[in-house]
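In what follows, structures are represented as structure tokens.
Paired with chain B in one complex and with chain C in the other, chain A is shared by the two complexes that follow.
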Partner chain A sequence: MVKGIQYFTRKFIRGITLLIGLSILTFVMMQCSPIDPISAYVGGDTSLTLEQRQAIEAYWGLDRPPIEQYMTWLVNLLKGDFGISKVHGQPVITIIKEKALASAALMGISWLLSGLIGFILGVIGAVQKGRLIDRMIKWIAYVQASIPTFWMGLVLLIIFSVWLRWFPIGISVPIGVASEDVTLLDRIRHLILPAITLSILGIGNVILHTREKMIDVLNSEYVIFAKARGENMWQIIKNHGLRNVALPAITLHFAYFGELFGGSVLAEQVFSYPGLGSTLTDAGLKGDLPLLMGIVLISAVFVFAGNMLADLLNAMINPRLKEGL
Partner chain B sequence: MQGNIKKILSVFCFVIMITAVLAGCSGPEQAETTTDSQQKVAEIKDELILCMGTRPPGEFDPRKRWGLYSQSQILHDTLLTRNAELEVIGDFAKSYQVSDDALTWTFHLRDDYKFSNGEPVTAEDVKFSYQMLKEDGKHWDLTFLDRIEIKDPQTILFHLTEPRSTFVAQLTEIVILPKNHYDDNYAENPIGSGPYKLVQWDKGQQAIFVVNPYYAGKKPHFKKFTLLFLDENAALAAAKNGTVDMIYVLPEFADEKIPGWKLGSYESNDVRGISLPTHKSGYGTTPEGFVIGNDVTSDLAIRQALYIGLDRQAIVDTVLNGHGKKAYSLVDKMPWWNEETVIADNQVEKAVTILAEAGWKDRDGDGIREKNGLKAEFNLYHASADVIRTNISIVVAEQAKKLGIRINLIGSNWDEIKTKMHSNAVLFAGGRHHPHQYYYMHHPDLAGIAYCNIVYMDNPTVTGYLNKAMYASTQEEANKYWKLSQWDGKTGSSGLGDAPFVWLLRLDHLYAGDARINVGKQPIHTHGHEWSLLANVGEWTWDADAVNK
Partner chain C sequence: MKKSNQILSVQNLKISFTQYVKGLNTRRITPIKSLHVSINAGEIMAVIGASGSGKSLLAHAILGILPGNATCDGDIIYCGEPLTAEKKIQLRGKEISLIPQSVNYLDPLMRVAEQVKIGLPKKDANKRQQELFRRYGLKEKDGDLYPFQLSGGMLRRVLFATSVRDNIKLVIADEPTPGIHPEALSAILNQLRAFADDGAAVMLITHDIVSALTVCDRVTVLKDGKTIETAKADKFSADGKGLQHWYSRALWNALPQNSFSIYEEVQACL
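Take a look at the complex of A and B:
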């Protein structure tokens, strides 16, 4: 129990320092970036008078020294205020809430799909080791690992949206339809292609690790013993395989939150899907510091939570690891 | 539940269609008429889906720059407006007068305009809109506005602190806001008196507009249009998949063919050119402390040689695939443009003579001319993130070699360029539906402030004309002086005179869309490609018989 509390305190402190470090890094990088937020905001309009420019600088607080800007931001954040987005002129937290739901649906579905499909294919590959089906699965995994997400997205878009016209070209709602008339079915239809693109991203890793581990398990003495007892393949997998094999898959898959988020940036960009990813890109390109910092922090918390969950689940599934907590 | 009904309905329609087709097959004569009439019904289209960039410029709120990119007339009315010939005509103001001292502008207002919520548009709303934007001070320069006086409900007076004939710029751009319904969340539900009203805005996805039932002008043909916010690649995919009716396109995509579509190309005064500092080094520093002057570009012969020696058409063909026009000034084709500034270019021999006569000769045989030991060489800064500007710079540097001038290209960003632009050449852009930009880019009083007059142009004759134009009480009089300031037969701000800028080309704004959409008479577009075409969306019609040739 005490150990548990110690563990969480340690993790908590690590998380907080990580967030502070990350926010400083983001801030410094934006300060060094060649993007002038005002020019980016006004679209390079050269007609801005000096007075107008100063008014905008004062409004955004850009006329203060960088350290003061950062401290103001930090103090406001501690009060729960993420600031106002420069580009959208809305509270950052409102924008994040709006976009996070769309992203959560996309990432959640993709995450589950890639985990399940990867795991199943990995197990099949191990059981059929060396046969044609195994070689095909391995081939899929290698090819997937070497294909960039956005390219996959573009290919799917061209095949299924442009040629076959099965799916819409992008965005998350039907075009020109009032929001009260949009059905759940519509939303799902718009989610399918981006979700497939994003889920393909994680499959390769899960397949290869699961397959390796399953091969180890199938060669272990306890499986030979189980075989000797007359258990069939399914029973062996169910009784001795899954729990052992799930370990690397789960660790990997939770730790893959970071990549998932990175992938969603690209998938959302390709499919014009209005989630956190495309908002993040926009904020970066327009030098919208409050919005960028807000999304970076939220995504850091998300990735950190993923890694922590991976540790905790590992411990639950594998009692041997509890010692390490 | 609603979804179910829709599904059942669509299945029902499908069954009917199949039946109709089958019925058509059994009786050939009947089939002909059936399909014919069906097509006729389908062909009169009154809804559009368009793709014009990834976000609404100015986001429907003038405090976020709405109106600055000729989009005022979609949702709103303005006091004055410009027709397709760019003449100033009345909008909410039926007529206006400017006092002889040019300090008081009187507007006679209409009484039949209504906002999309049914409330009348009043003089109070006008006063509120201008006052609010003046106080905000961020995106609209109204510093010269002293006070606004409502004489009676149909007459409003603007008192200025100094004469300003270019006030028409703001008068045609600042939208009239409803005083009682304007707050920080205005952009979510923008109430205006224009032809359309915004009914839904899914941020980052789409905006849906329908006809404003209270619009006082001619009812638009298209009852509804949806703007999709897709980037250029996604927009092209959407066009090929048949989702959208029209998209804006970049020159590199202009040759994509889509059945039934045509490419619309519209002239603009979205100009690109090179700024050339007009003073020698050691001239001093700007108010912000940046160095002024360049020993090579300050020589008039260098500037004039570039003005006539460069091959503009070659730049248009290489950089824009031909989708552009040659440019000779910042204000080409505008009512205040002096047409004498058009010259024959690509005159390499004449340019070489000008240089030789001024003492620029290649004595050491390295291909670069020199004068008193100074090489004919200067730096050209360009924003490297902008592909078009970068490519223009490369072609210009290549062409200048023929004249014996070496141009060193420096790809950079605006933060650095801002500190170097008073002492080096810069690949510059411009283009407005008003002459104010022209004024501040050539007037010595504004030299060195922000992006105003970066070349430190200071020609007393030109300044005299600029002042007269600014103090003019009619647009005609103002235009007369704007023209004289470019070239009066002896001197001027154009390439014939001091040539502080060598303007090179104007981009054509390209849009691809269903050949049957008639976008009416388009004025010459300004800087800002995406939404330019939409400025008159209320006048668009559907030509069922038009086909792609």
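Take a look at the complex of A and C:
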């Protein structure tokens, strides 16, 4: 029990320092960025007078020294206030809540799909090692690993939305329909292509890792012994294979949260899907510092939580860690 | 020795491996050149020889669990019929059982009771497993443990429990004794004796001639992938004059409790 408390304290401190470091880095980078938030805000409007410009600067606090700006932001954050988005004029936390839901649906589905499909293909590849089907699966994994997400998204858009017209081009709801009239089916239809794109992003890795680990397991002494005891291939996979491969696969897949988020930024951009990813890009391009910092922090917490879950799950389901203490 | 009594007969067994050397060039190595072993029902045949003499490969060849790059020639006759690849698959775990060399042959993530239950009839697997545990001096609650939580000696006993099945005719014990303290050692050897007394043929592959001799009926000596000699256990006594081949005598007399000597023939090789 004491060990558990120590563990969480250490993790917590590490998480907090990570967030502080990350927020400083983001802030400094935005300070160095060539994008002037005020020009980005007013767009191409050249009629802006110097007085008006200074008024906006003063309103946003940009006339203060950077350290003071950062400290003000940090103090407000500690009070639970993420600030107001410059572009949207809404509290950052409201925007994040709204977009996070859309992103969570997208990432959740992709995470499950890539994990399941990748795992199954990896196991098949290992069992059929060297045969045609294994070579095909390996080929898929390598090709996938070398294809950029946005390109994959564009190809899917061209095939399924433009040529076949099966799915809408973008956004998360139909255009010209009042938000209360949008059905769940509409939302799902808009979700399918981005979700497929994002799933494909993760599959290659999962396939290759699962396949490699399964090949190790199939060459292990305990599988040789299982054969000697008369177990057939299916029994070996059921009794020993899945058991020994699932553990590293699950750990790895939780640790994959970071890449998943990175991929969602690109996938959302291609499909104009209004989730956290595309909002983040937008905030960066328009110099919307509070919104950018908010999303960066939330996504860091998300990735950090993924890694921590991976550790915890491993400790909970791996008997060598669970009962070996 | 009646012919009908013979469970296993291995004649002219040859095992080769294909290896890759430097890129795509392959070469074949043949660690097993010419092995002959035969075992009768109710008999323990000890198979001895130095490391690399091919003892374990012999066991794996009989069970059909050699790696994919191995090819196997020669005749393996089981109960009067050739032991084909299909028959190996059909018989292993049912009539032919292996007691493996190392405790790594147990699944690290499966509770040991479950591992013993594999291959037992589903209906009374629980009951049978508990009986086997009692028979091998394992407690019922030990069954809920994973291999890493048991001692080496206990794992040996679990491995024994996995090999006991209703219709076993041939037991192949691949070095079941290293690292075992003397009492457990004699318990293990007595178990093998019990298998034989129940009518099974037992192949005991080992380094340890002295303890093997306490239970075995005959001994086959291997050297560099060839059978050197098969002799009755009682020939291994005094100065080993009853043994035909100099290597068998050398092996026997090199033991500390015998003359601890190096033979002239061996000296010539050094």
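In this section, the second predicted complex is superposed on the first by the 318 of 325 C-alpha atoms of A that agree within 3 Å, B and C clash if a C-alpha of one lies under 4 Å from a C-alpha of the other, contacts with A are read in each partner's own complex, and residues count from 1 in each chain.
Quick note on the criterion: contacts are C-beta pairs under 8 Å (C-beta built on N, C-alpha and C of every residue); 3 or more make two chains touch, one makes a residue touch a chain.
Everything quoted here is computed from the prediction, not taken from an experiment.
Asks: Could you check whether chain B and chain C clash or fit when both are placed on chain A?
Replies: Here chain B and chain C can both sit on chain A without a clash.
Asks: Touch test for A:S272: chain B only (first), chain C only (second), both, or neither?
Replies: A:S272: touches chain B, not chain C.
Asks: By residue count, which of the two partners contacts chain A more extensively, chain B or chain C?
Replies: So, of the two partners, B touches more residues of chain A.
Asks: Can A:T94 be said to touch chain B (first), chain C (second), both, or neither?
Replies: neither
Asks: Please indicate which partner A:S39 is in contact with in the superposed arrangement: first for chain B, second for chain C, both, or neither.
Replies: first
Asks: Could you say whether A:P319 touches chain B, chain C, both of them, or neither, answering first, second, both or neither?
Replies: second
Asks: A:N239 in the overlay: touching chain B, chain C, both, or neither? Say first, second, both or neither.
Replies: Once the two structures are laid over each other on A, A:N239 reaches chain C alone.
Asks: One more residue to check, A:L157. First (chain B), second (chain C), both or neither?
Replies: First partner only, chain B.
Asks: Between the centres of chain B and chain C, viewed from chain A's Cα centre, what angle do you get? Round it to the nearest 10 degrees, please.
Replies: Once the two structures are overlaid, it is 160 degrees.
Asks: Where does A:Q52 make contact in the superposed view: on chain B (first), on chain C (second), on both, or on neither?
Replies: So A:Q52 only meets chain B here.
Asks: With both complexes superposed on chain A, which partner does A:E221 reach: first (chain B), second (chain C), both or neither?
Replies: second
Asks: After superposing the two complexes on chain A, what is the shortest C-alpha distance between chain B and chain C, in Å?
Replies: Checking C-alpha atoms only, chain B sits 49 Å from chain C at its nearest point.
Asks: Counting contacts the way the document defines them, which residues of chain A are shared by the two interfaces, the one with chain B and the one with chain C?
Replies: Residues common to the chain A contacts of chain C and of chain B do not exist here, since the sets are disjoint.
Asks: Which of the residues in chain B come into contact with chain A in the complex?
Replies: 2-3, 6, 47, 49, 57, 59, 61, 64-65, 68, 136-141, 143, 187, 199-200, 202-206, 208, 224, 226, 228-231, 234, 237-238, 240-243, 383, 413-416, 428-430, 432, 436-437, 440, 449-452, 527-528
Asks: Provide the residue numbers of chain A that touch chain C in the complex, in ascending order.
Replies: Within the complex, chain A touches chain C at residues 220-222, 224-232, 235, 239-240, 243-244, 247, 318-320, 323-324.
Asks: Mind listing the chain A positions that touch chain B in their complex?
Replies: 34-36, 39, 42-53, 55-56, 59, 88-89, 98-99, 157-158, 161-162, 165, 168-173, 175-176, 178-179, 181, 183-185, 269-272, 274, 278-279
Asks: Residue numbers of chain C touching chain A in their complex, please.
Replies: Going by the criterion above, the answer is residues 60, 63-65, 89, 91-94, 97-98, 100, 102, 104-110, 118-119, 145-146, 148-149, 162.
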